[in-house]
């Protein structure tokens, strides 16, 4: 197994030389088919990925298709994967509804020589070539805690409003934020964890219920798009703006009004549009066999990234606040 | 609506005597409303004793507010079930209206009145399609609305292409969150529900149309023989259901300020609304509709689900609580009516 | 046609309802052929005829439910075209169906006003419940009906529902009221009350139409009688010319025979079914009797006397309050009907369409449904050849007229359906069979065949209980007759005591004794 | 109502060919569909193996549809199939992971769980006399909760390969195990419903429950068993899905419900009970399943596919009602009313 390693070093070296050469050194001679399969079509965070991906696809000579199920179901995604396999796509990129359920279909794709790149929410490691992690979990956990903790008392009681009890990425973040909180805000307690099922209405109801049932809560961390909006709307409806701080993650368009109203002081995320671009770069490079599980590569304007065991960390958390939120539209 | 007033048209009175009409309807009034009110009060007091905030004005206000959207849909569903039908397509109709009006408001600043107009059109058109398929082509309602469920939810995607509503103009937010007057803290959605409830209650109890609906639900052939226009009544019932689902969608987008492609369908509004109507005392076998019961049923559901939060029941058991509640209320209700039949 | 004679006597009152040359065809089959009728105010015009003679079809055309293929209708000399029942109501013609259209969840007042509610106010126009209720009360009072206008319709008895229909007719201002076989589901007492109502309406000058095939009733209430046979009008007479024998022979199309008594009894003295102190409150109590092998035991009584309930309780379909049932010495009082069938007791219910047969299923499927075990199974599958054999044998044995054993039950005539139901139960070789109204809805010709079948079964040693409301049938069939009145056995008749007069007086005298 | 004068009884008039008009139409449509897709959609036909392989993507729906057909034939409905599928699979996975039982034994226990859940449905319906729609709506909420609670935050995944083969593998690389399972089940159900005593009882109860009672059938027991069958098949489908995904999730059955009802109804089973055959349901399963796969491969989105399915359901049932006049008695009644009414009702309450 010396040769691949050598090759990887070689590629890394070549890439190192060509920093600043943008996309020019990526082989784009052959037009390839790349599909992007979100958890479900019709959610704006994923639309933001699409926006970036379309941009990048033009530069990278990619025939781009954005498709997915109408409900957030694994079966829907699997059906889409199967059709993509039958249509001989070159690369499938996806953010999964569930890490385990999608694995068999994706493994089948890999067996057929299709490259699989997951982003946002991972699938089982052996069912994809690369995973673009939005941000490192510990860092994002920290950002989530800080988005609320900075503005409330160190011994405050906080609540968590998540999507579903078995949402992989949310659970990873909640785990990370608990670790960080225990280390840095030992007196802070989480009094309740509720779920909004990623539905705006159920998130709102859950938010209202949290605040009514737990009047001593002064902060809500909602690591889910619908949940953060629901929690913020609940705070606003109860007239608790300023008294209860909401943090979490959501796309800037959804939370803009609440950030401006002061319900949300800061909300960490990452640049979804740029992430979409990176997904296409990785797809292209993966097709070209230009990157490997452990390597460093350059993705055009986006800069240099490092893959470690196939995991590529996209960026540090991008914190939205009242000052910067108007610069982001997705 | 024209009635044939044969030889006794001279009986016209200026106003219906409340006392008399109540006497006419006493026997068929179920104790369901009272049961639901008593049950809700018991829950309020019991949970209130544990946590005083449960019975705070604010909490009660929100329990009522949270039931508004579902109750609106369920009122439409009550009309349909009263004719022995069922409408599964309310969920996508609600979602479509929320998305269309929300996006138009967000994008081109559609005035609120325009949104009402659009909601009305969506509800009427889609409801009429359901109604015609049921009444004209005589396809069983559950099959018709199962089919249109798929088709209407597709329309949401076609229209929105996945764009979601994040924010609504101030007028919408005011409609969804405002109170009637500064000194009268009744939320406007609750007022809307009250108006719709009054209209439905009045229409079911005091108009020829309402009576035709119940007659069809009881015995469609006999109703036809008695001169009730079965087809047009059925079509109208689905139109009402569509319009109320659409109105619910509009109230939803105004209240929450957001709407996505999964609004309505994602929350299984169709099943929830059937459950609420049945909790409220409407008979699934048709012929009996209880508008007040439906709204009380929606309210009771909201109280129970909120109580579970206050009692610190783990969230995963919320839907089990809802299921158990449906089973208990409906089964007990059937016991009651059977007991009444036996006596 | 004799009806021409009636034409001359046109009354001055409104409500002379005439039908000319009514014909109804379904495909090639003519159900009614050129029937002309005239109904006059203040008179009850009765249509008689056997099953399938076209009585109901005639009334359906007169009331707008069925459109005639040809022919015309006129009311008071004005031609009518009835597009729907509602149009007929509007024109003043009302049909009281045999089983009134029940709206179980509505109150009496609401039921009465379906499609006709009075309204008040211009906008919003609303139902005038006060007027509705007072008019309902008024209409009920006119007919002296003791019905609470506020009770739910589902609490009404069939008799009350029919009377309610009369009130509905009045409310709609109808002058012509047609009754389609109203008395068949009623008890004698209820029939009398219905007739009181009808006489009251006749006295007020209403035009009444009536269908029945119970001769006594017809002679009691009618002013004019028309007889239909095979869709054609064969006789039309006025009250003065009534003649029981003539009407009957016209109806049947042949001379009436004197009811023959059974000549040979197969009854033995071996008890096969012993019922002791059976009770099911409030329908019947203290029922005790013994049935012997080969015996045909009749249950006589009024409809609603509790005979069907007794049978259903013995068969395990109803809860039993007290008493025991022994079949061949074995106590079966606690067994379910599933087990009772397997022990050798079967019950052929009265209402074929609802209880006796599954009309959309085939003859064979119906035949074997009583005891599927008797069809051999191979690897859990019913043997088709075995089923075919049972089907063919039964059809041949009971002379069921059909195109094949896989014909659907609903395509058969009433008599043939009844034969299939027979075959279903007799095929499993029971020791006791309870037959509830074995010839209900069966043609005269087919009746004889069924009687022969029953007799043959008794000859084979089966114990048979026959429940019937037709005296002639009981007289013809039974070795012994038990009279049931209001849930009690009030008389037992044997041998020469079994005559129509004695049988009917056996329960009617008890009626008088108990003051009804 | 024409009486055939025939003293000699013909044994049988119908053909012994097990397909009725409706099933034949569905079969013809299926053939046309597959042929059309093979010719018209590049990538659809990629060898017989891949064509058969496509069935793996939808046969769990078919398994549920078989069980649901029995319930609908009795005149009932089962809305809890989705949550029973999820719960059955989770029970299996928990036994396997938590108690380290053999995967196949766990699967058996999972199927058994489905039977128990169905039995609970049946008891609620027959003992409490609750409408099937309400009872199963309520239990679907309850079973869903139980499934979520059992599954926990990290539902088990990564089953042994031998088990995964059930959902993903093929015999000799050609015929999927799922297809074999489905064919066996379809034949079993077809025989059960058309040729067994049990099926006869189900159909009779569906047409006329009272007549069945008067024939000495233990109606509550048969109805209850129909729900047991439905629960068992739902759980079995859940286990096949678990194998297909090599993972379980409490909500993985949610998508089953509406599609399977569509399949059963399109297959010709009357929603009012009694009428319908398993052969039709099998045709409908294949028809809709292949349609979805084909449309996705052709590049239509999931949304268009869903809409087309809805439209096909409506069109098919409308045609069935109007042309054949078979099926729903209620519908026929109204047709008759309409003809009588002639559209002109002078005293209509309007």
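All chains are identified by letter, namely A, B, C and D, in their written order; residue positions are counted from 1 within each chain.
Throughout what follows, a contact is a pair of C-beta atoms (placed from the backbone, for glycine too) under 8 Å apart; a residue touches a chain by one contact, two chains touch by 3 or more.
Everything numeric in this text was worked out from a predicted model, so none of it was measured.
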item	value
Pair sharing more residue contacts (C-beta pairs) when B-D is set against A-B	B-D
Geometric centre distance via CA averages, chain C-chain A, whole Å	75
Chain centre separation (chain B, chain D; CA means) in Å	31
Centroid spacing, where centroids are CA-atom means, of chain A and chain B in whole angstrom	38
Whole-Å gap between the CA centroids of chain A and chain D	38
Multi-chain contact sites of chain B, meaning residues that touch two or more partners	1, 3-4, 153-154, 157, 208, 211-212, 221, 224, 227-228, 316
Touching two or more other chains - residue numbers and ranges from chain A	41, 70-71, 165
Touching two or more other chains - residues of chain D	148, 301, 303, 306, 341, 345-349
Inter-chain touch pairs (all)	A-B, A-D, B-C, B-D, C-D
Interface residues, chain D side, partner chain C - complex	1-7, 9-14, 191, 195-197, 200-201, 203-204, 207-208, 210-218, 274-275, 340-342, 344-349
Residues of chain D touching chain A in the complex	42-44, 46, 50, 54, 57, 148, 151-155, 157-158, 164, 167-168, 241, 244-247, 249-252, 254-255, 292-293, 296-297, 299, 301-303, 306
Sites on chain C touched by chain B in the complex	65, 84-86, 89-90, 101-107, 109-110, 113-120, 124-135, 148-152, 154-155, 171-173
Complex interface listing, chain D residues touching chain B	77, 79, 124, 128-131, 133-135, 137-142, 144-146, 148-149, 258, 261-262, 265, 271-272, 301, 303-304, 306-307, 309-311, 313-314, 317-318, 321-322, 328, 330-335, 337-338, 341, 345-350
Touch list for chain B against partner chain C, complex	1, 3-9, 11-17, 20-21, 23-28, 202, 205-208, 210-212, 214-215, 217-219, 221-228, 283, 287-288, 340-341
